[in-house]
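I'd like to ask some things about the structure below.
Naming follows writing order (A, B, C, D, E and F), and every chain is counted from residue 1.
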Amino acid sequence: MIKIEAIIRPNKLDDVKAALDALGVQGMTVSHVMGSGKQRGRTQHYRGQEYVVNLLDKIKLETVVSDAEADSVVKAITKAAATGEIGDGKVFLSRIDNAVRIRTGEEGDGAIR
Amino acid sequence: MVKAGRILAAGGLFLLAMGAARAEQDIDTGDTAWVLISAALVMLMTPGLGLFYAGMVRAKNVLGTLMHSFTMVALVGVAWVLWGYSLAFGGDGALIGSLEWIGLRGVTGDPGPYADNIPHLAFMTFQGMFAIITPALISGAFAERMRFGAFLLFMLLWSTFVYSPICHWVWGSGGWLGGLGALDFAGGTVVHISSGIAALACALMLGRRKHLGSEEMAPHNLTMTIIGTALLWFGWFGFNAGSALAADGLAASAFVVTNTAAASAALSWMLVETLHRRRSTALGAASGAVAGLVAITPAAGFVGPVSAVVIGFVVSFLSYGAILLKGRLGYDDALDVVAVHFVGGAWGALATGLFASLAINDGGANGLFFGGGLALLGRQFVGVAATAAFSLIASLIILLLVRVFIPLRVTDEDETIGLDLSQHGEMGYNLEAV
Amino acid sequence: MVKAGRILAAGGLFLLAMGAARAEQDIDTGDTAWVLISAALVMLMTPGLGLFYAGMVRAKNVLGTLMHSFTMVALVGVAWVLWGYSLAFGGDGALIGSLEWIGLRGVTGDPGPYADNIPHLAFMTFQGMFAIITPALISGAFAERMRFGAFLLFMLLWSTFVYSPICHWVWGSGGWLGGLGALDFAGGTVVHISSGIAALACALMLGRRKHLGSEEMAPHNLTMTIIGTALLWFGWFGFNAGSALAADGLAASAFVVTNTAAASAALSWMLVETLHRRRSTALGAASGAVAGLVAITPAAGFVGPVSAVVIGFVVSFLSYGAILLKGRLGYDDALDVVAVHFVGGAWGALATGLFASLAINDGGANGLFFGGGLALLGRQFVGVAATAAFSLIASLIILLLVRVFIPLRVTDEDETIGLDLSQHGEMGYNLEAV
Amino acid sequence: MVKAGRILAAGGLFLLAMGAARAEQDIDTGDTAWVLISAALVMLMTPGLGLFYAGMVRAKNVLGTLMHSFTMVALVGVAWVLWGYSLAFGGDGALIGSLEWIGLRGVTGDPGPYADNIPHLAFMTFQGMFAIITPALISGAFAERMRFGAFLLFMLLWSTFVYSPICHWVWGSGGWLGGLGALDFAGGTVVHISSGIAALACALMLGRRKHLGSEEMAPHNLTMTIIGTALLWFGWFGFNAGSALAADGLAASAFVVTNTAAASAALSWMLVETLHRRRSTALGAASGAVAGLVAITPAAGFVGPVSAVVIGFVVSFLSYGAILLKGRLGYDDALDVVAVHFVGGAWGALATGLFASLAINDGGANGLFFGGGLALLGRQFVGVAATAAFSLIASLIILLLVRVFIPLRVTDEDETIGLDLSQHGEMGYNLEAV
Amino acid sequence: MIKIEAIIRPNKLDDVKAALDALGVQGMTVSHVMGSGKQRGRTQHYRGQEYVVNLLDKIKLETVVSDAEADSVVKAITKAAATGEIGDGKVFLSRIDNAVRIRTGEEGDGAIR
Amino acid sequence: MIKIEAIIRPNKLDDVKAALDALGVQGMTVSHVMGSGKQRGRTQHYRGQEYVVNLLDKIKLETVVSDAEADSVVKAITKAAATGEIGDGKVFLSRIDNAVRIRTGEEGDGAIR
């Protein structure tokens, strides 16, 4: 199994979820993160003082899929999350050795669908 | 329209009741205390409205939405003193006031022409708080997408060229609607219909928020909306009972029906929700309370408590229906100003034509259900229609004019980022900083 | 029991002091302004209480807890006008009022039998705000687990069959406790003991929250609790000083002792915490302030400022002790209504028997420490005992009755999910939505 | 200095205007209602200030910051009754009051020497609310780093040995600054200059927050700051218009200029921000409003509305400039108490010397721009200088003294953890608990 | 070393922590996430409008353990977190190449106990 | 590529970011987590009741770097985040099989710089 970890723009989450839905991928875990990279933050002002916030709100979406699905899932995410502007984010792939569905105790590919 | 019994009765009956020992131009300290505290209460309503609205938007627009109310206290607060009050209450014109009281020249601590029992300045500032909240009410319509500069310019023009004239028509000396003899105790037409229909103009001109319908736009903090509702309700006692311009039986009566209608409408909104969706919500209870307060506003000094129960009970069904209708018609009145203030205000104005009773206020009239026939109801209808028509058209013209100088909407990117960062360079919450 | 000097003295001494030029049935504008603004202040206390409570629950129950207070303004707001006021203050019975003022028939802007200086409607609505907050106080006991429908039904019945009778006993014309001559200036028995002991009934009947003790149940937002405390303290000036029903020296005296007792109790709660846990907390300061306000309520118009320092100082030790005791006894009075309102109210009622002084209010009596012997203390004790016994039993009966129609508790799953989603289909906070 | 016309005029003109039927020692119910509600309004300002400040700190210090205000209501609330009022207003000394009213002995519901139209207790408690908020104002300077025990001790001493004397100088019978004939309507010197310069002493003695400049210290919740601002503005009507000690034309005039100056300063702060940073912020609008309220405080009963527009407009430039200057000078006045209260208060006191007019208050004087020459301006300057010098030195001495017993600052580790956990063993928010 | 990543119900965290405690596993990192899968969300209503929230609150618990411990830890988590109802969550296992204790610089198994 | 996951004290984030900056590592993703381990929590008191909070606020910093950089990055983080007191946290290393830059579709090492 492959874990696909995508860092995307918050306002792209709905599009990405729809794209995954279209592929039949429903299981995923999402969290609020902050990212730094090439994208520049907006400056904030509080009583004349300037704060440059260089950690920007991002969404991390994790989904563990079978080896076979990985490629199409990455493509779908990449397509749905892209705007072409700096800050679109990354997708990281890594190997998962096993998965267990807590409810049933099922392991392996059966646990993630 | 007749505001409070106070205004009309100022030269007559009332003075006798005050006790013979009081000279004609004397200020009554009890009445003055009541009107001053009422003015303070109405002032508090505007930030309260800001909280009510800001709780309903997404977190990235919370400050922008608060600013829509807060800056009205500042902007109209100054404009009212410099020219707004004079345009609304100066002179004897039918359509608009005069410039005689510009910069409050001649408006002093002595009683003025509108109330002989309180300082003219107390009357002025009490009225000023109404002038402040009215444009703020509109801002719910264009929440989450209006450019801040365009907002300020629109509001300055609207306050001057829509609020002041309508206020003069209804409450100003010589105002044509006041002359007709329709009733508006505390601002059903002047405040709620004028702003509620202007909200429609704004929603139409600004267009829908990006991704409305596809993205989730749930209220970001309903506890803030509840706090705002509490402050609105609290302040509304000043709004309505303060409009008696005296601490007397009429004020007490207005106070009671205000509370009663708000309570009744909160219950009936919860009921209609339960009928429609099987659950009653906190946002619903709050929305109902505000709708009830809107509806009782024109009627407050003219109807009794049981009538108030009915007026409040009915308004939730009308406003809730208008919200559902909005979904069908497709305009994006983001925070339902049309449904709550225009529909609620119009119902309240017409309900005054149904439920008004001379037994409550002998400076008023009898409505349809109290033996007065259709006469009052007809006058009320004229008031609603004239106010709505003028405010709708004038608001559209002002928006078109503002658009010549500043785009009304923020850019798409700024809308995505939110008003707080894009318009003000701030964030509402930094709850997780170290 | 004697409420304010006002009620008893209404026909006598007071009028003379008002100046000869004032006719007997005249409304005093200053007194009316004071009672109306006091009513508004007391109204604000109920959403303030909602915030005080809601800050202490977990985030998933914040709206449900706010609704426990907010809906009381709506529900009792209507019921009081329709029948509650009449049951509490109508007629001359010993045990309960009459139906003569049902729907406020005959209650007008003229003075009524309970106060000749203000409109009857002003007295009615001021009292109504007390009727609203009292059941809301109970709701802290069953926080985080009561079914919303059962809650509404319980409250409607409790308001009608517990609050109105007790109110009549103490303040109503002919009420038996009032006849005894015990003192309750602003509601120590009527409001705090009645609700505080009803809270015990609720805690016992509803049982403990799931996982109490094992899961962490720390307050989700103490800033909300502080805001609520501020609004409670602010509103309490209306509650206590407004109970003078006049803007006079007695009102000023009640105002001063109210502030002083609250301040003193906030300090002493911080002290007892420091002794017990080596740290004083914000929740402790807030809890102390509220306990002090509760304790001074019955005494407010009868004791002097130094007595108020002592009354406030002592109450924190008693209430804090009662909270520790609760831990041992094992009932789940979630937000400590028993400890704060029953214990605090009982202490205040008895303290009135210790500290009351005719030098403060010649319509009152002298307590034990001011040369009055044990007579007043005994009468105070009867008031506490009778109110507590009746409210406890009647509350249990009503809960048993409600349970026949609706389960009192939400399901386990709904309790896990929280009241907001399960009872109202909403969430309090969506701070991280896009 | 002359506070309100009321105090000086108490034996003269005013009584005539009250109507012949009123006996000389009679309480006016309208005036009493106004002063009592004003006292309640000013009380609310202190928790409002707590919110204003607490929104600006980091989340880990939110309760600690709220406590800095909240505990002042408790601590000074008790101390004022026990000895503070007597030290400020008792006796006839030039430099300090007496112990004659200790524990409020002899202070009753009858009128006192400072106002013959209201209960002495009402005057006492109204003044007490000023004594409460003044030290709370200072606390913004040492936010996020002061030890709680040291804080309490400092405040108790400051209230007793700085506030009470200065208050006596200015408003007490025989006070030397009052004797000079400078004007301070509602506390420009007594409240704002005294606290604003004490803030400088604290900032210097406590030193800078760890990591200031390197770590981000953005306000954690500006919606809280806006709520606080709204409550401050609302309460300030009591502060300024209540200082008339009567519900009369002067109160109305003070009310109007208060609102106008706040509104004008909110606008001008937004302007100066836009000039400097191309964006106007919510924090800026709030800061401007507070600065405007500070600036109008000494002038409130002496200037007209157009003057108020100017006074408010100017103050934002001065305070904003002072904030920028702070950055250069390097002291860490965390929440800009010096810039807002000292600079704003000093400007207001001097502006009174420019804009005061006998046409507004014939108990006042004419300022430079109204034909009064430099005389008043000079007296105002003496008031500013004397108050600032005394408060600065006395505050430093008290801090040095406190430091002998308790370290002023928390440990480095506790500063990292935050005041909430380290000083109070609590957390403000637990929004994500299950 | 193995990283065990469990997505569980928020109200099961205390039980899972107790179960790990019983095994002597104290080191772990926990975060608030939102999950989507088979479990249906509750609908919310705001002024008559319906919102179906299909991202549900979950807790992600991560603990890095030695290879030997992995099995028993997974079992303990699975047992403590299960209710048998849809939505109980998953456990994912993956390989960690090294661990460093920041305080001491220790590496490998010594860093995680 | 290597994923470096560091659990650090919240108030060390600025220092760590500066250290990474000095190495030319700008891309990273940061989130708020809660950690349990040897470090003891502060006790809280609410109305006399004691709560010992044993989940403490931590920051999780994730950065994916090329194999060559990994060592120096770990060293930099370890140095910047250390105080020597219990609770400094851990760094975990694991293998990433691929990375995609959403904006451009670039893969591998090119996607992460």
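Everything that follows uses one rule, which is that a residue touches a chain if its C-beta (ideal position, glycine included) is under 8 Å from a C-beta of that chain, and two chains touch if they have at least 3 such contacts.
Worth saying up front: this structure is predicted, and the values here are computed from it rather than measured.
Counting C-beta pairs in contact across A-B and across B-C shows that the higher total falls to B-C. Annotation: the C-F interface is duplicated by B-E among the options B-E, C-E or A-B, judged by over half of the residue-numbered contact pairs being identical. Between chain A and chain D, the centres computed from C-alpha atoms are 52 Å apart. Between the Cα centres of chain D and chain F there is a gap of 46 Å. Each of residues 19, 21, 28-31, 33-34, 37, 215-216, 218-219, 221, 227, 247, 277, 279, 281, 283, 425-427, 429, 431-432, 434 in chain C touches at least two other chains. Residue positions 11, 31-32, 44-46, 94-95 of chain A are each in touch with at least two other chains. Across the complex, chain E meets chain C through its residues 11, 14, 42-46.
Residues of chain C that touch chain D in their complex: 17, 19-21, 28-31, 33-34, 37, 41, 58-60, 215-223, 226-227, 229-230, 233-234, 237-238, 241, 246-253, 255-256, 259-260, 262-264, 266-267, 270, 277, 279-283, 285-286, 288-289, 304-306, 309, 429, 431.
Residues of chain E that touch chain A in their complex: 2, 6-8, 31-38, 55, 58, 60, 74, 77-78, 81-95.
Those residues of chain C that touch chain B in the complex are listed here as 19, 21-23, 26-34, 36-37, 39-40, 43-44, 47-48, 50-51, 54, 62-63, 66-67, 70-71, 73-75, 77-78, 81-82, 103-104, 108-110, 118-122, 124-125, 128, 148, 221, 224, 227, 231, 247, 420, 423-434.
Taken in their complex, chain D has these residues touching chain F: 211, 214-216, 416-417, 421-422, 425-427.
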